[in-house]
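Next up, some structures in structure tokens.
The following pair of complexes shares a single chain, chain A, combined with chain B in the former and chain C in the latter.
And now, the complex of A and B:
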């Protein structure tokens, strides 16, 4: 037990107080960073979330961001992982290329894509113009729904990378004789993919799905640097909205309640994740 | 069955397409960092700069520190990031290595609960902790200090190290340390003398992931730092992007420098990533 002590001190020494303190703050109407006596409001900050007409669009953006980015990353990730698992020449080279976006810092990725999307000087308009696809410059981050999709594209470009490596790890646990058997049964490549690869990848897919969903649900950094939540609040997500309520509007009590709602959502997802991990271990699929 | 030529051509074409999609934005980042402003702000992008210049890199590395000089700020922020991420990695790896061993080899009450609570902390959104942490750091006089950042970052990186190292130990045969114990080693002695030398690949990979986590962190640094005393490179870049979005050349040069350490690490450890992922939960 003494072996665990240093880690426990380093982690819980820092985290325990804020976890409790945030919950306490969420029960009070705290509206300034100063210490002082604030009125106790019970669960009012939580019920207020659902009466807040500004919250529903934000929830919508978050769910849209989460669903679209996770789905795109997963589909693309499986495709690229299958490609990297195929008999390519210089396999290490392709794998080294795929790992790069994952290692690129999130903020640098956001700043880079913001520049690529720039309406006047951006590379995206330049490429479309050079290829003769479109000669009128587009303001990619200029209208709310388009901007949300463009932020998702930048996120997918970066985060598909780690999905590929998760799926690749799963692919390498599939025994080759299963494919042999499928071929004996007369299954083509397509059928083998649906009958052998996909079912056996299920634990890896579940793990990556939940981890990506958790990350997407907490998304903040890329929004902050690419759009600042705009235009017209069109790219505000829950984490970003929470940040604004607490640090721009000084509604710390309300912000704390919003933060706890994110915590609850993340916890539900994390429980599902742990369950799958445990089942995977029992089935001998690590 | 040997794969047919058509199939081989097809997968190589697909690989090249994939490589172009991945590499083009990186190339544009580098090109932008060495293009003069007049070329960056021309009506049509110059894919290859006509008059490439390293002036921005020179500016970042040599300009005198001053509160308003963005280039100097980038350099100081890089230094802060290096110190904070390295210190965080070393501390987290040390306590995580020892703690992970306890989870892998000892049987004690609430073992699973303890492991899950570490994992739960790792998954907490920073936005949920940032307000009270800010106030606590203010009381301790640790706002806008590298120490304050290291203390908070360790609470994220340690659970990660604990989890991956514990999984790594589980994949090692227990016979060796049992032999060492029979020879009179204590638990800690067996860990340090027998296990750790064998666990080196696991240690290095875990350290690499931990460093990347700390290097990438944004929200805590955004809220806790205000000057070049502790500001990290992601915050410096985000700030500058918001203020002078048209001077992308300098942002690009800062971005290239900020991306260099994690990209190099990822390339060095590329072959361990698949193994690391199968054994532990890596931030996706």
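And now, the complex of A and C:
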């Protein structure tokens, strides 16, 4: 029992205490970081979220970011993993290269892409120009919807790596004789992928899907570095908006309520995925 | 089919049962009740301290004094005060406000650099200490009025002005010569637009103007200066938004037109002051508004390709005058500091006239008599004469507690207008209606 104490302290200190504290703060009209007697407002901060006209566009950006980035990372990740699972020359080298983007801190990745997209001296315009594709410089972060997509691209570049790892690990657990059996039954490469690879990869895909969806839903740092939420608030996500409300505007009670809604949304997502997964596995066992 | 062992099964095994989940939720709820006795962060009860020991100060990384300047000032302070050790931290301007707020409950910093738009918020929330009683009576006469206004809110003083700044108009003399533009033309915004057309036609630059119009406070600084030039105000006498009328809207129309005419760099809407400096220093812009610090760096051959071709003027005149935006900053003592005496000594040292005079190339002194001191004029001969004319005529952004939220509404809507998503009038009306509800008016 005593051996569990350090773990318990850590869990309480860094998980439970902030979770409880944030909930308490969300019930009060806390508008300063300093201690004081703030009015108790019950669930007002939560109802206020839904009356806040600024919240809905932000929710839209977050859902778009989550759906598009997760889908892109997943499809790209599976494709790259299949490639790296094939008997390539210097496979270790390719695998190490794939790790690189993931090893970069998000802040560095954001700054890097901000430079690449720069309309004046960015590499992307430079490449398009030298390949003769486009000679007019584009402002990649200059209009709201384009900027959101460009931030997604930067996120995909970094996070596809983690998908590749999970899928590659999954691929290596698939026994080679299954493919042999499929081949003897007359299945081509495509059919083998659909009938053997994909069903057996389902658990790995599900895990990585949970991780990426949750991470994407909470996206903050890459936005902060690349666009600061602009232009015209077009790249503000819920986490970014929460940050603005809590720290820039010192509406800590409201910020706490927004943060709690993120927690609830993520929790529901995770539970839904786990349920689907559990059913899938039951079916697999049968 | 056989079950494939994977990490998934471990996660599934670890997933909480319904009963386990409910127990956990119950514990969280109970904890919530227990924690409910105290809301908010730490205490704001600071202490004077002995005047000796360690203090920590928070500065910004860009504009004004450079990190190098501040480290040099600090080390001479420590030499003069051997009992005090100062640790300096630097963050970007965009992170400064939030860092001050986040660090306030713990009293991490004894001295913080605050912007002219924050005394209302920080003073009323007791994040920084009221130092009105500590101000020697003579300071108010000896400092420039724009400086004295910087740390002031509701008749109280929440710091000592340190960076006295406004936006000056910089231009590239070589580009103007190439396009045969007379610099006298740059006295008015109309003249600037004409000059920009001529420069563009001459091919000296594709986009003669560059601005700091990213969705950030930098955008509001440029806007404020134009609002002043066109005779607008942010708020009317009763404190209601007035930027959706007259000069407030004309300023946005002017900005938008410069984008439509392709005279302003389209990258402006993604640029902060440092981006403006880089573009200007690379010779990719002929004219720009920026703070005092740009002169020293744009004219330094080590950091700029246009060194020797940089000239600086007062901000151009609009239809109603030429006030500069008050972009000054002050040094404040944190309410939570346990070393307020040492902190105050450090603040008074950094803001003292000899120290400010010495580093006048980075940031101009707050002291009136410095501007007639030949030594100071020699430190920054290009900017001081312009500053003498400009610093007496400044426009303040609204001094209200919810300034940040109002500014965010303005930033988003001005960008909507700049990107052509709304007409300037519609954008400013929308900003005004958001601001009204934030200001409770």
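Keep in mind that, in the parts below, the second predicted complex is superposed on the first by the 267 of 286 C-alpha atoms of A that agree within 3 Å, B and C clash if a C-alpha of one lies under 4 Å from a C-alpha of the other, contacts with A are read in each partner's own complex, and residues count from 1 in each chain.
Note that in this section contacts are C-beta pairs under 8 Å (C-beta built on N, C-alpha and C of every residue); 3 or more make two chains touch, one makes a residue touch a chain.
Fair warning: this is a prediction, and the values are worked out from it, not measured in the lab.
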Query - First, second, both or neither for A:11, with chain B first and chain C second - result: first
Query raised in the report: Looking at the overlay, what does A:249 touch: chain B (first), chain C (second), both, or neither?
Result: second
Query raised in the report: Is A:143 contacted by the first partner chain B, the second partner chain C, both or neither?
Result: second
Query - Which superposed partner A:229 touches (first chain B, second chain C, both, neither) - result: second
Query raised in the report: In the superposed arrangement, which partner chain does A:206 touch: chain B (first), chain C (second), both, or neither?
Result: second
Query - Touched partner set for A:185, first chain B, second chain C, both or neither - result: neither
Report task. Tell me which of chain B and chain C touches more residues of chain A. Result -> B
Report task. Please work out whether A:218 is in contact with chain B alone, chain C alone, both, or neither, and reply first, second, both or neither. Result -> first
Query raised in the report: Which holds for A:38: it touches chain B only (first), chain C only (second), both, or neither?
Result: second
Query raised in the report: Looking at the overlay, does A:173 come into contact with chain B only (first), chain C only (second), both, or neither?
Result: both
Query raised in the report: What residues on chain A does chain C touch that chain B touches too?
Result: 17, 19, 21, 25, 33, 35, 118, 120-121, 169, 173, 207, 228, 243, 247, 252, 274, 277
Report summary line: Listed in rising order, the residues of chain C that touch chain A in the complex are 1, 3-9, 11-12, 15, 27-28, 31-32, 35-36, 38-44, 94, 97-98, 101-102, 104-105, 121, 125-127, 214-216, 265-267, 269-270, 279, 282, 284, 335-336, 402, 404-405, 408, 411-412, 415-416, 419, 421
Report task. Under the touch definition given earlier, write down the residues of chain B that touch chain A in their complex. Result -> 1, 3, 8, 11-12, 14-15, 18-19, 21-23, 25-26, 28-29, 32, 40-42, 44-45, 47, 91-92, 94-96, 98-99, 101-103, 106, 108, 114, 116, 118-121, 123-125, 127-133, 135-136, 151-152, 154-155, 158-159, 162, 187-188, 212, 215-216, 218-219, 222-223, 233-235, 237-238, 241-242, 245, 248, 251-252, 255, 258-259, 262-263, 265-267, 270-271, 273-275, 277-279, 281-284
**Report entry** chain A to chain B touching residues, read off their complex
**Finding:** 1, 3-4, 6-12, 14-15, 17-19, 21-22, 25, 33, 35, 80, 83, 86-89, 92, 94-108, 110-116, 118, 120-123, 126, 129, 157, 159, 162-163, 165-166, 168-169, 172-173, 183, 207-208, 211-212, 214-215, 218, 220-221, 224-225, 228, 239, 242-243, 246-247, 252, 255-256, 259-260, 262-263, 266-267, 270, 273-274, 277, 286
Query raised in the report: What part of chain A is in contact with chain C in the complex they form?
Result: 16-17, 19-21, 23-25, 27-28, 30-36, 38, 118-121, 139, 141-144, 169-170, 173-174, 199-200, 203-204, 206-207, 227-233, 243-244, 247-250, 252, 274, 277-278, 281, 284-285
